[in-house]
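By letter and in written order, the chains are A, B and C; residue numbering begins at 1 in each of them.
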Amino acid sequence: MSFVGLTRDEEQRMLVEIGVGRFEELLAAVPKDVLLEHPPLIPGPLSEIELRRLLGNWSRENHAAEMVSFQGGGVYDHWIPAAVDTLANRSEFVTAYTPYQPEVAQGTLTAIFEFQSMMAELTGCDVANASMYDGATATVEAALLARRQTGRKRVVVAGMVHPHTVAVLRTYLDAAEVTVVKDAAGLAAAAGVQAAVGSDAACVVYQQPNFFGLLEDSVALHAAAHGAGALAIAVCDPIALALLEPPGRTGADLVVGEAQCLGNPMSFGGPLLGYFAAKQSLLRGLPGRLVAETVDRQGRRGFVLTLQTREQHIRREKATSNICTNQGLMALRATIHMGLLGRLGMREVAELCVQKSHHAARLATGIPGYALAFEAPFFREFVLRCPVEARRVVEAGVEFGVSPGINLGRFRPEWQDLLLVAVTELREAQEIDRWAETLRKAGAAR
Amino acid sequence: MGYPDDVRYTAEHEWARLEKGIVTIGVTSYATEQLGDVVFVELPETGARLEALKAFGVIEAVKTVSDLFAPVSGEVLERNGALADNPALVNQDPFGEGWILRIRPSDPAEHAKLMSNVDYEKHVEEQHA
Amino acid sequence: MNMPRRLLIEQGGAGHRGPALPACDVPQRPLAELLPGVALRAELVFPQVSEPEVVRHFTELSTLNHHVDRGFYPLGSCTMKYNPKIDEELAGLAGFAKAHPLAGDDATQGALRVMAAVQRLLADITGFAAVTTQPAAGAHGELTGLLLIRAYHRARGEGEKRRRVIVPDSAHGTNPASVSLVGYETVVIPSGPDATVDLEALAKALDDRTAAVMLTVPNTVGLFEPRVREVTRLAHQAGAQCYMDGANLNALVGRVRPGDLGFDVMHINVHKTFSTPHGGGGPGGGPVAVAKHLEPFLPAPIAVLQQDGRLRLDWERPQSIGRVHSFNGNFGILLRALAYMLTLGPEGLAEVSRVAILNANYLMRRLAKTYDLPNPQHCMHEFVLSGRGLKKYGVKTLDVAKRLLDFGVHAPTVYFPLIVEEALMIEPTETETFDRLDHFASVMERIAAEAAEDAELLHQAPHTTPVGRLDEARASREPRLRWSVP
């Protein structure tokens, strides 16, 4: 079925008004030989009952969803308060269009304004936009902005930025324009970065916490960038920002990243939520939508899309980006989430992540054969060197109903004994114990 | 309607006033009417070299943006600093307080080649037809 | 009087808090010990509001929005059709919501089934060989498509030579913007007198520096390009590739396949044709479909069905352009699109385009009696009117748009495409009923009458919305982009 509501009689009246005898006459401009005689043979139609059965069965084939997750690597299993779904699922938000007619879109616009405000505060920046597709494309757009701003081409990636983010950078830019500075003991080494920056780097990009979960020395990295006239781009986890000194306050020009962890389900890696924050002087070069506060003719406060002349629908080939549709509803979810958690809750979640991940790390290092791969401080995620291939540890988890982490061997063969483990506020002590049991069992099977 | 006769005009709706060897430029009232409320003017630095009829900057309104074209070639002596805080000056007084740049012309003859106010008015009428 | 509408930061305060977290159930150590030498933030200036008030806040905000579930959105090129609720339910199933993208193929067979099905169905519907699900929106798809074309030319040693993309002047702004993002040059060609591609202009613009021609079919005034195969033939003859912007696919589903028209690659806006909800600006989805010769360049991984009936992600794609997204695109959105496609089945697809075209033509003929119709021939799923007939009353299309809001209808797309003066682009979609169309037509007729009798009423519109016309100049001149903390 097609959700159409049309009687034969109505159809007849319409054809009369149009002035044709048959619908087919309306297709006169379409060459006969490209008009299909029969529609493509896709499956269906399926009723709701059949759909629930089919897709319900498929959903149950995702065993990963039933396991207790210690997986991170950019997408995390965090607490989503019940009210987030209740509010964000309201069709007034879900089925609303982009707020180009602000008089009938104050709900959407106000929420975006609140999102921008909280992201700016969290990152320590002056301004934040209404969202990007994901952390990886947000990082790319930041690099492109830096190139436009400095007139330089090269992008220096300092240390362990998520391999998928680097991959997306390499797709958008030419390979010769991306220099990855290898990590030293898991961290970006400021000296190495300084050497790599030279005089033709537009920006230095680093991730905080980095892909290994370790905390970088932001201040040193900002200095390394600025010393060479390049922009400093910090790719940050929003939950970590609730606890850490925000890079926007210690010299980062742009702070971007992945905000799925704020009120959004993992959903097999999409839809995600990119965010983009910057200092004031870069405002006119920002990609994406921006919402501003203003007043109507009666002096009532209202919100509107602003600085639209940056965007594709007006600036066209000279636009700051080509982005049109963004991740609006996910930004709304994040806004509600941050509103519910508030000043205290945001920090509590961050602290629980620190305590639980460190507890798990201590348990692991007490199991024969397991050790932390790096010594530097970490926030919510850490890398374990395992006595067996990390994929064996992952397999062992099935029995305990646990996904013990991510086998880093999938990224590089030399990492095959490394397991990336994330522990969020959702993981209770018992679950962490089961996780430890998994490690023990896998290690004993040597 | 009548456009000021103390300046000369380009087809792209800029004006140029030659006084004591210095050329002041801006956009015409017709341009500001078409654009609507000006919100931002992007200008070259002082010392920059302009080429006649080439784009040198951008003027932004709420929902439109237009290139600015140099009426004459020369060197930028001064930008109207007031526009940064008050771009509305361009709408309020396009031929006066809303001026955009002061230029030292490299070829004084170029100014005379621009349209007179009478020719400009005809040009505007043709655009409207 | 009502409580004033406040932002989160303007409510509550110290002592107000939201839902609680459990106490820490593991042994704790001081942060200074766990994070030695790490600078912690001194303060986080965030709202402190109780849960009931947060709920009231967002609930009230929601009441300020027009939305498709409430009323009509005749927005041209946006395809604001009904968003089926069964799709929402299925996307929320725990098995999908809680699947981690790096959990491994064995543990995520269900998600891979969805990916593979989306790839297959979209390819079949559009007449192409393969699909990538990674692009998160139409513009993202355009970028991906152009990168695929670039890879194709590079593989043939013509990557440096071919750096220009031909785009008609009626194109959506994302087209030239995407061209710039890839580092190419946009060449704009004027439309012919009937708003379709001027073949002469195209032939003149095509040369051995052309990488691609980008077309929207039907075009942005709602007309099918009758000579589209000539366009693609000319482009191929010049060695260029043909990209189709799929924004207007709603007119074609079930009855025309872009692959049959000579296109090499297209993006599909699932938040348009395939009914996924707009969410106030996103998320959408822009999967890209390609002809066989472009398949090797697709982003990796692609979901493939093995001989044994199991699915896996295929990473062995040596010619791939690489990733354009962190993972596999907006999976949850594509899942909704899949549920919708399965709900339609083949007959449903054809019904969608049939009624979309029927509704648009009916509305067009009704409104042509009161508004200027630049292109009088039958349209496809959308049409463009011009508001220039109201200029004599001092009324602009903007005023018509704002007055519509007083009648519970969203304005159509206005001032696009650029080739029509005072444009009003209207697309009813197939889910609007005859009564809804009639109501809209009556309102438009009334507004035209008001223009003649009382132009000021229109200049001051809207009158009944939560806020009136907003000072957008002020918002641009002194942008206030974050709240002030009281």
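We adopt the following convention: contacts are C-beta pairs under 8 Å (C-beta built on N, C-alpha and C of every residue); 3 or more make two chains touch, one makes a residue touch a chain.
Since we're looking at a predicted model, the values are computed, not measured.
Trainee: From the centre of chain C, which chain's CA centre is farthest?
Mentor: B
Trainee: Per the definition at the top, count C-beta pairs in contact and tell me whether A-B or B-C has more.
Mentor: So, comparing the two chain pairs, more contacts are at B-C.
Trainee: Quick one: report the Å distance separating chain A from chain C, using the average Cα coordinate of each chain.
Mentor: That gives a centre separation of 19 Å.
Trainee: Let me have the rounded angstrom distance from the C-alpha centre of chain A over to the C-alpha centre of chain B, please.
Mentor: Roughly 45 Å separates the two chain centres.
Trainee: Where the CA atoms of chain B average out and where those of chain C average out, how many Å apart are those spots?
Mentor: 38
Trainee: For chain B, give me the residues that contact two or more of the other chains.
Mentor: 39-40, 60-63
Trainee: Among the residues of chain C, pick out those that touch two or more other chains and give their numbers.
Mentor: Those would be 472, 476.
Trainee: Among all residues of chain A, which ones touch two or more of the remaining chains?
Mentor: Counting only residues that touch two or more other chains, chain A contributes 309, 314-315.
Trainee: Help me check something: in the complex, which residues belonging to chain B touch chain A?
Mentor: Result: residues 39-40, 60-65 of chain B touch chain A.
Trainee: How about chain C: which of its residues touch chain B in the complex?
Mentor: Of all residues in chain C, those touching chain B are 415, 472-473, 476-477.
Trainee: Name, in rising order, each residue of chain A that touches chain B in their complex.
Mentor: Per the stated touch rule, the residues are 284, 308-309, 314-315.
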